[in-house]
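So the structure is just underneath, and the comments pick up after that.
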Amino acid sequence: MTQPGFFKQPTPMTLGEVAALTGAELADPTRASQVVSATATLDRAGPKDLAFFDKRKYGDELHHSHAGACFVSASLQAEVPPRIAVLRVARPYEAFVEVARALYADTLRPASTFGNEGIAESAIVHPDALLEDGVVIDPLAVIGPDVEIGTGTVIGAGAVIGAGVKIGRNCSIGPGCSILHCYIGNDVIIHPGCRIGQDGYGFVSGPKGHRKVPQHGRVLIQNDVEIGAGTTVDRGALRDTVIGEGTKIDNLVQIGHNVVIGRRCIIVSQSGVAGSSTLGDGAVLGARVGVSDHATIGAGSMLAARSSVVGEVPANVKWGGSPAKPIKQFFRELFEVERLGREGLNGGKSKPPRASEEG
Amino acid sequence: MTQPGFFKQPTPMTLGEVAALTGAELADPTRASQVVSATATLDRAGPKDLAFFDKRKYGDELHHSHAGACFVSASLQAEVPPRIAVLRVARPYEAFVEVARALYADTLRPASTFGNEGIAESAIVHPDALLEDGVVIDPLAVIGPDVEIGTGTVIGAGAVIGAGVKIGRNCSIGPGCSILHCYIGNDVIIHPGCRIGQDGYGFVSGPKGHRKVPQHGRVLIQNDVEIGAGTTVDRGALRDTVIGEGTKIDNLVQIGHNVVIGRRCIIVSQSGVAGSSTLGDGAVLGARVGVSDHATIGAGSMLAARSSVVGEVPANVKWGGSPAKPIKQFFRELFEVERLGREGLNGGKSKPPRASEEG
Amino acid sequence: MTQPGFFKQPTPMTLGEVAALTGAELADPTRASQVVSATATLDRAGPKDLAFFDKRKYGDELHHSHAGACFVSASLQAEVPPRIAVLRVARPYEAFVEVARALYADTLRPASTFGNEGIAESAIVHPDALLEDGVVIDPLAVIGPDVEIGTGTVIGAGAVIGAGVKIGRNCSIGPGCSILHCYIGNDVIIHPGCRIGQDGYGFVSGPKGHRKVPQHGRVLIQNDVEIGAGTTVDRGALRDTVIGEGTKIDNLVQIGHNVVIGRRCIIVSQSGVAGSSTLGDGAVLGARVGVSDHATIGAGSMLAARSSVVGEVPANVKWGGSPAKPIKQFFRELFEVERLGREGLNGGKSKPPRASEEG
């Protein structure tokens, strides 16, 4: 265990148990009773640690590793020094994660930051709120009227759950979040400092200035969603903002009003989706992607980091650039612009610019 | 009412009242006593709902709509099926918003998330703070010494108002905000989790490392400003950071120290304005725009989404790109680069790049 | 003092003291007993204020300035009107900052927002937390079990310090921060609303959806680090996330899991560093830079604003663009693309695009 203090000491497993859990084959069956008590990378692992090896470029780390055992694919098995027990499996990293999930089961959902059980005395719970048994409310959380919270859910310290919000079972709402005008399913994780359900950005501009458009929709967050720290999700204006089942959103992402995000989408950090846009099931936004308002991204499509979407992206494509286009076309443009910079528009005879700082 | 639970049931209006409020003409005056009790989009509206129709492309939704009444311009009036009462008006969407503002008046300024009136018992109010009658302080807010707050203002749960801050009347400060070194006018809305008035980013770098430059200005927020969730506004270093009257800022925007933003500006989400820059009245930054430090954007100018500004942008222009330039020039460059990617610098004879993932 | 109310009235200094502190030479030694009581820019300074003049373009402001004294380099000294006392020094701005640091020493580290000393009665401190004497805990902060905090450190109102976190001496943790799974050195400033130490974004995707990868590393923040408002730093997954001594991070920055940032780095606002990337000592990221995962930036290298890094950047270079490349090459590309837009690929005979709004 290399990081003491922040989780429970795992219960060790035998390599036999590890093989049974992951479907891996233990190359030397006489080592079935050897135990591992933690997972670690090859360079940090000790004799009681389980590692994985899935890329030849980490061969050096493998050869110097003190790991007790290692997941490896059949094609790379010959590389493993004999001191390390070999667990042969088609997808070494996935097997490694499976064991980590078993060893560190307590890290799969953030727990009370206060070591708390039940409802902290200092939390402010409105008398009209309805909490099932087994809800954990950390100190100084605020639970408004008509809130309902299901068993197994943890509300972090200082979080604010506004009037009428419903939260399902086995959820985790991080410290300092505010959750307003929102219905949340089961097994949802919302990391610290998220802002869910406040007004979206809607104005009618005229000679009197910008007049506020009423925002009276909700936010619906389906089961098994995870939302990263500091992310903002606005309530709908006329309809609801929806985040589909199993979707995972990273930190500091902005989701505008009326946006509908499908199931099992991936939205990487600092991306933004403007009002009334739609992502189909399984869509992927790389880091820092911008989606403009009223855009549509088809199911299963992937947008490369930093791209920006206007209008419609078909299903099951890989696009990039700004405005986004098929990834091959985007790379071709990058290539040709690089060449243009090198050779110049008229064969290198153009005058070079003065280098000055951009900012 | 399609989203129960998060606002008061509106008081119905007759079409006669709707016409009077908006200046619309009721095509069939015999329907003046017909009532509407909500606003909705054409596809979601029922017989008691009021909708609007302003673009031919929504014709299908109009023809299948169950709306009781509909704002429409004279030129599109003929499209409306006879079952739907016609309200003829020059700007249908604006009239629709006007009615929504009347029906959902309680949503125009965020209220207590706790259903609270007066000062929550659990709030911590310094004895030297001065609160007018009619201030609402939600649970667990912290009000520092020498703070002054005007009547009608709501301070959200867990918000922190630092020493000496002045807040005017009829403002809303969202849950979990921190407001420091700041003077705020009347009718200001600050959404949850904003960070206003902390130190800006100022260092003098030398052999001893980066030495902090004292930040001792304020933030001045004028009347009728709205600031989106999670936005950060730094206090001035040597002068004040100013946000002008009627300016509307979206979520996750960064405003650096000493920035002066004019009146009625629009700053869309995830944009950033670096230290000591100035925006003239009515300037518009689309989403994800970056303005470098000591830049100037003239009054009434618009920057397209994702553009980045260095130096000076004149007044009343439309610019885009990075660095920003006149929008036509920017589109011309996009067009030519796309063509270059297609045709290649030497007529398509250049070798195509290998497509590899950007990240 | 132009901004009353938010800091202590400085104790005036004589010009003799100013010269001694900064190594400047007072041009007219008979003015050694003249006092200054504040620092200000030339255009705002009065007779008791000290200013600086380091760029000819501010000559107008100098000639009309009411400043009592002014730092100036030898080469510009002749410009200063005789009513202003001249302090000759090689680096006028740095000398000016040095005096500001002396006059406004109380602004160098954010203090209690509540005018508080000791531990506020309303703070929730776990009985197993260990606070040295001289710690200041503002109202409604939450201090978890096994937390340790060193003397001189201020914990802001509503901040949440999770179980087991260690914080050194003379630190400032801003209002509304959450600090989890984290060890923090001395003299660290974390501005309001930062999210430190929550889970990073790690999933294994398969037919069952996206399965969470346990995140059980820590965040290590070394001495003299400053982190801007609303920034997020994720805990490590298998190893620790590290922020090196003297590094300064601006607002709304995202630091992913396992990232290792060297000493004295500069990371300007709205930048993001994805998981497992490394920045060498003294690396500089301009505003809105994106660094993809598993990238490496060499010591002393600078990335221009808005650039994006994939793979490896060598040490001591200046790169820009997306993907980032040597800055001269980047500027050359900008220049040639601008020319291409003007002249067209085939000498201006291509058809111009229709200008339409990007979004």
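Lettered A, B and C in written order, each chain numbered from 1.
By our rule, a residue touches a chain if its C-beta (ideal position, glycine included) is under 8 Å from a C-beta of that chain, and two chains touch if they have at least 3 such contacts.
Given the structure is predicted, the values throughout are model-derived calculations rather than measurements.
**Q** For copies chain A and chain B, work out whether under half or over half of the interface numbers are shared, and give different or same accordingly.
**A** different
**Q** Overlay chain A and chain C by their C-alpha atoms and let me know the rotation angle in degrees, rounded to the nearest 5.
**A** Result for this pair is 120 degrees.
**Q** Report the inter-chain centroid distance for chain A and chain B in whole angstrom, where each centroid is the mean of the CA atoms.
**A** 27
**Q** Enumerate the residues of chain B that touch no fewer than two other chains.
**A** Chain B, residues with two or more chain partners: 140, 158, 176, 193, 230, 252, 270, 274, 287, 290, 292, 305-306, 308, 323, 334, 337, 340, 358-359.
**Q** Any idea which chain C residues touch chain A in the complex?
**A** 124, 126, 140, 142, 144-146, 158, 160, 162-164, 176-178, 180-181, 193, 195, 198-199, 201, 203-206, 209-218, 230, 232, 234-236, 238-240, 252, 254, 256, 270, 272, 274, 286-287, 290, 292, 304-306, 308, 320, 322-323, 325, 327-337, 339-340, 343, 358-359
**Q** Would you pull the chain B residues touching chain A in the complex into a rising list?
**A** Residues 2-3, 5-7, 39-41, 44, 93-94, 97, 100-101, 103-104, 107-108, 110, 113-115, 120, 122, 138-140, 156-158, 174-176, 189, 191-193, 224, 226, 228-230, 246, 248, 250-252, 264, 266, 268-270, 274, 287-288, 290, 292-293, 295, 305-306, 308, 310, 323, 334, 337-338, 340-342, 344-345, 350, 352-353, 355-359.
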